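Structures incoming, each one as structure tokens.
Common to both upcoming complexes is subunit A, partnered first by subunit B, then by subunit C.
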Partner chain A sequence: MDWFDKFPHMDDESLRALKKTIDESFRAFTRSYGDSIEELFTPLKMFLTFAERLMIQTPWPIVIAVILLLTWLASRSKKVVVGALVALLAIGYFDMWEDTMRTASMIFVCTILSIAFGIPIGIWMARSDRVQRIINPILDVMQTMPSFVYLIPVVMLLGIGKVPGLIAVVIYSIPPMIRLTNLGIRLVDKDVLEAADAFGSSSFQKLRNVQLPLALPTIMTGVNQTIMMALAMVVVAAMIGVQGLGQPVLKAISNQYFTLGIFNGLAIVGLAIVFDRATQAYGKRIQKHMENQHG
Partner chain B sequence: MAEQLFSGIQINGLYKIFGSHPEDFIDAVKAGLSKTELLDKHAHVLGLRDINLDIPSGCIQVIMGLSGSGKSTLIRHINRLIDPTAGEVLVNGVDIVKMNDSALREFRRQQTAMVFQKFALLPHRTVLENTLYGLDIQGVARSKSTDIAMRWLDRVGLKGFEKQYPNQLSGGMQQRVGLARALANDAPVLLMDEAYSALDPLIRVDMQTVLLDIQKEIKKTIVFITHDLDEALRLGDQIAILRDGEIIQQGSSQDIVLRPQDEYIANFVREVNRGRVVEVDAVMTPFQLGHKISGPTIASGTSLEEAAQLLCRWPEGEVAVTGANGDRIGVVNLRRVVEAMVSFQNQCQEPTRSSARPGAQAIS
Partner chain C sequence: MNNKTIAMLVSIMAAGATQAQAQADCGDVTIASMNWKSAEVSAELDKYILAEGYGCDAAVVVGDTVPTIISMAEKGQPDIAPEAWVDMLPEVVKNEINKGTLVKAAPILADRGENGWWIPKYLADAHPEIKTIRDVLKHPELFPNPENPKQGAVFNGAQGWAGTVATSQLFKAYKGEEAGFKLIDTGSAAGLDGSLINAYERKAGWVGFYWAPSALLGKYQMVKLDHGAPFDKNNWDNCITVSTCPNPKPTSWAVDHVYTLVSKRFADRSDAGVMSYLNKRSWNNVTISELMAWMTDNQASGEEGARYFLKNNEALWTQWVSPEAAQKIKKSL
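Let's look at the complex of A and B:
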């Protein structure tokens, strides 16, 4: 009854051999292709550096003005704009402006990437049940796999720095974008789709005139969620060399600097609330005329 | 322009079976397998069985049936939103069942327009943008399509609402947008799928009037689906009654009311206000020389109700019915008209022909 008390496992020798083989083959892969893969990501790195420089080198009053303008355009709400102003001034006053700008630029790039890849994948998923069946479990893995685990191969391939950090953040934050695009398109009213067919829409016309506009509020929720999840990854990304608000937090953890941790943590929260309120208000605004106002 | 060239819609031997392998059972169904048997033994649903319809150009064909009778399935075969299991659908002489995807798209853009029960408007587009939706899809430039859409919005009584969103309008007004959107396409075929069923009775009658008025000008071939017999009788030049996926009677409103084919239809017809539907032609006696006629004349096609109103002023006399060219074609009197209105079961055994003795009614 030995097998009953103790789970019969693979013998140690072959288990070790298995791990070693996988490790070694991946390391060999890294050695032979690492450079070319890194090269592949050069444009991404340039984009990231450009965004970061833009936000840090532009004088702070202009940056604040631009952020407030965007917030106003998105939300059309004085409350949100004033809230954003207060949050940004407080961040600057406690000397976290530069780190916050680094983080914001990172989030910006990450959101653009998530939208650029997430929406097409979501559309693809919405069009075919088979694609949905294949992609859904992949998204589950992306969201539940501890991020440290996929940081390992990313770092092995690309080393430490911004780009691997960005990839880790995108992996973590793109799933809601994909899922909600898929959901939004699948929820579009069947009657309206039938009308589009009856008037002779091609599938592209249907996508552009009906499915995307009607799914837009749901897609905006996806954008909002993506931004929130990207912010949540800032500290983890800091572990592999991403600069910004995450690094002081890491320093605070290892040295037990309570105030440093709290300040930077609050700055992340402030940034998150500004982004969240602006995108949410925008999402609500675009679906205002879809609500039933009559009878 | 299309009116002269358009040759109407012919549906021949149309079958539809819903399920995973409809083609396996089509022969059995053609041989007489019943709907319940098909469902019980093979888990397939018989949607339509052997539908044959000939809809001439410029005519309003009403297809009437209760829910589940297959009427919505049938109308969706005319623009092939649903593919048939067997049979052919000729629109302007072309079998649309054989069309490939791009030909079908082109056919839907140019030849048909559809109005839906639940309106199916685009909530993110204004009334105007909804109306020119079909033209957008055809690739018509906005500068041109806006004019067309504005004209139709005006025609259906929505002038001044162009900038509103559909959800700001009442149901009746939303359906006016649906109608304007369909009419803006200027397609020869107009498909109306229970278009007025979601509207309340007064607005429904109102919309029927709008449709009838517009039809006088545009002379489209209209297929109108309804579950409401009054609506069917009011609108239909031709009526087909559908039950369990089969057409059980086809004919004019007079045929349906005066000669219901079976108990099922007779039950429907019993509730109908005959005075408004039955025409005076059905109760008149043929005109013969020597008839004593007095008072005014009644035009052929007048309803019994209107005839009775007129005859009240001539309660004793016989009045002539005149045909399209003004000839006297028959005579009626108040008593016969009222009799026909209140109890026509006993009365309608072809009364006009059997009692065609001149002067026989003059005594009363």
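Let's look at the complex of A and C:
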């Protein structure tokens, strides 16, 4: 009855040998290719460092002015702009400006990367059911796999710091971008596409002039979700040495500094709300704009 | 239902009942496992011995040193911290022991622990002039910060470790920043290990906080840096271990006593056999280093490590437990 009480598993020796072999070969891989892979990521590292320096070294009033201007351009709503101003001033007043700027620059780069990779993949997925069938489970894995599982190999390969942190954040936050781009394009009315066909549009013209504009509100929701997920990963990224708001949060958790935790947690929330309201308002605005056009 | 099935059901129920009885002897025990290897294997060892030898319903909870010890003092949970580096938080622990909420049991690491700043052996061999922290700080170019090669980097431990606080205070004391170094917050044990492995595998420069006995230092040969200053107890207790102290001074690292701590509540309610085990269980650094090296080589979990130890070191552990418990443990292996 032994097999009934205990699940019959692979014997310990072979299991251990399996794990060991995989690990050893990964280590050998790190040894021989670590340097060249790190080289590969150097432009990314430079871009990250540049974005961070830009945000930190620019005097704060200018940064706030630029953020408010962008918020205004996106949302055209006084309420959102005033809210953003209040949040940023509070963050600065409680001495979290530098960490917040580090986090914001990370989120900024992450969003750019997610858009740059997410939209093409989303389009590709929307055009072929087969691609969709293959990519969907991959996205599921990316969203559910505990991040430390892939972080450890990445850290062994690239060391700690911004680049592995960014990889972790992008892996977690790109799926909504891909999914919503795919969904947005698939939801475009068949009649509209038929009309476009009737006017003799090429496939690319159809994509550029019909599908993408009509899918834009959904894509904007994707951008919004990507930013939110990226912010949620800030603390995990801090666990592999990414500077920013995550580090004080970790410090607060492990030393039970209640107030420090709340302050930095709220700063993350503040940043999230500013980004969220701005992108959402933008999404709504383009939607309205389009309804008018069609109405 | 035929007779066979009934007989089987009865025997299953009976087996369940005797198991419940066995557990009632000692009750629930929670054992704190810290997130480094030697603490993990000692927690699993205690769990195995208490469960098999003394019939406890033992469970392992994972946590960092400071939160775990504070929780033990405040809430009496977890019951046992097998490997507590008590010198790393002298004030809290001393106060709690005086207050009687924590009880010191065996010094689990008989040879004590070694904390400090370490550099890889290949680097020490290539640059024999580097012996002390001050020597390292003269050469930022040998220990480049991965994010800013113009700067040197000292890798610190995870938040919540007392060694992390000491390292950042020592960094201030030795004027690391003025020397062109940056103190890198690695964020977690995995981050610290990853940065070391990443540097070591490629024979690059690395300097940072680490401790022995540990699995990583068993696998990768490292050299501990000398502090170039005698141990100054007053400075250590009141400034190096206090993160808010503004003017730390150079000092050697305190010698670390590593004890098993037991919450008063558990010490009172547990039977004499369990406490006598906890008061005797102690191993030297050779034993634990060999055990951890085996665990690393074989990717063993703490539990497998505990079993391996029990199978191979019978002469040692049978001294810790009562003869009846030893009998039961041997049978279960």
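The definition used in the following text is that the second predicted complex is superposed on the first by the 288 of 295 C-alpha atoms of A that agree within 3 Å, B and C clash if a C-alpha of one lies under 4 Å from a C-alpha of the other, contacts with A are read in each partner's own complex, and residues count from 1 in each chain.
The criterion applied here is as follows: a contact is a pair of C-beta atoms (placed from the backbone, for glycine too) under 8 Å apart; a residue touches a chain by one contact, two chains touch by 3 or more.
Every value quoted in this text rests on a predicted model; they were computed, and no experiment measured them.
In the superposed model, A:D191 makes contact with subunit B only, not with subunit C.
When the two complexes are overlaid on their common chain A, residue A:V210 makes contact with subunit B while staying clear of subunit C. Contacts of A:I268 after superposition on the shared chain: neither subunit B nor subunit C is touched. Contact with neither subunit B nor subunit C is seen for A:I227 once the two complexes are overlaid on the shared chain. Put simply, more of the residues of subunit A are touched by C, taking subunit B and subunit C as the two choices. After overlaying the two complexes on the shared chain, residue contacts for A:F199 are found with subunit B alone; subunit C is out of touch. Using the contact criterion defined above for the overlaid structures, shared-chain residue A:Q256 touches subunit C, although it does not reach subunit B. When the two structures are aligned on the shared chain, A:I160 is found in touch with subunit C, with no touch to subunit B. Overlaid on A, the two complexes show subunit B and subunit C touching no common residue of subunit A.
Of all the residues in subunit C, the ones that touch subunit A in their complex are 64, 66-67, 70, 146-148, 158-161, 184-188, 190-191, 194-195, 197-199, 201-202, 297-300, 304. The touching residues of subunit B, when paired with subunit A in their complex, are 79, 81, 105-110, 112-114, 116, 118-124, 133-134, 136-138, 165, 167-171, 185, 191.
Interface of subunit A with subunit C (complex): residues 12, 16, 19-20, 23, 27, 30-31, 34-35, 45, 49, 148, 151-152, 155-162, 238-243, 246-247, 250-251, 253-256.
Subunit A meets subunit B in the complex at residues 189, 191-192, 194-202, 205, 209-210, 213-214, 216, 289-295.
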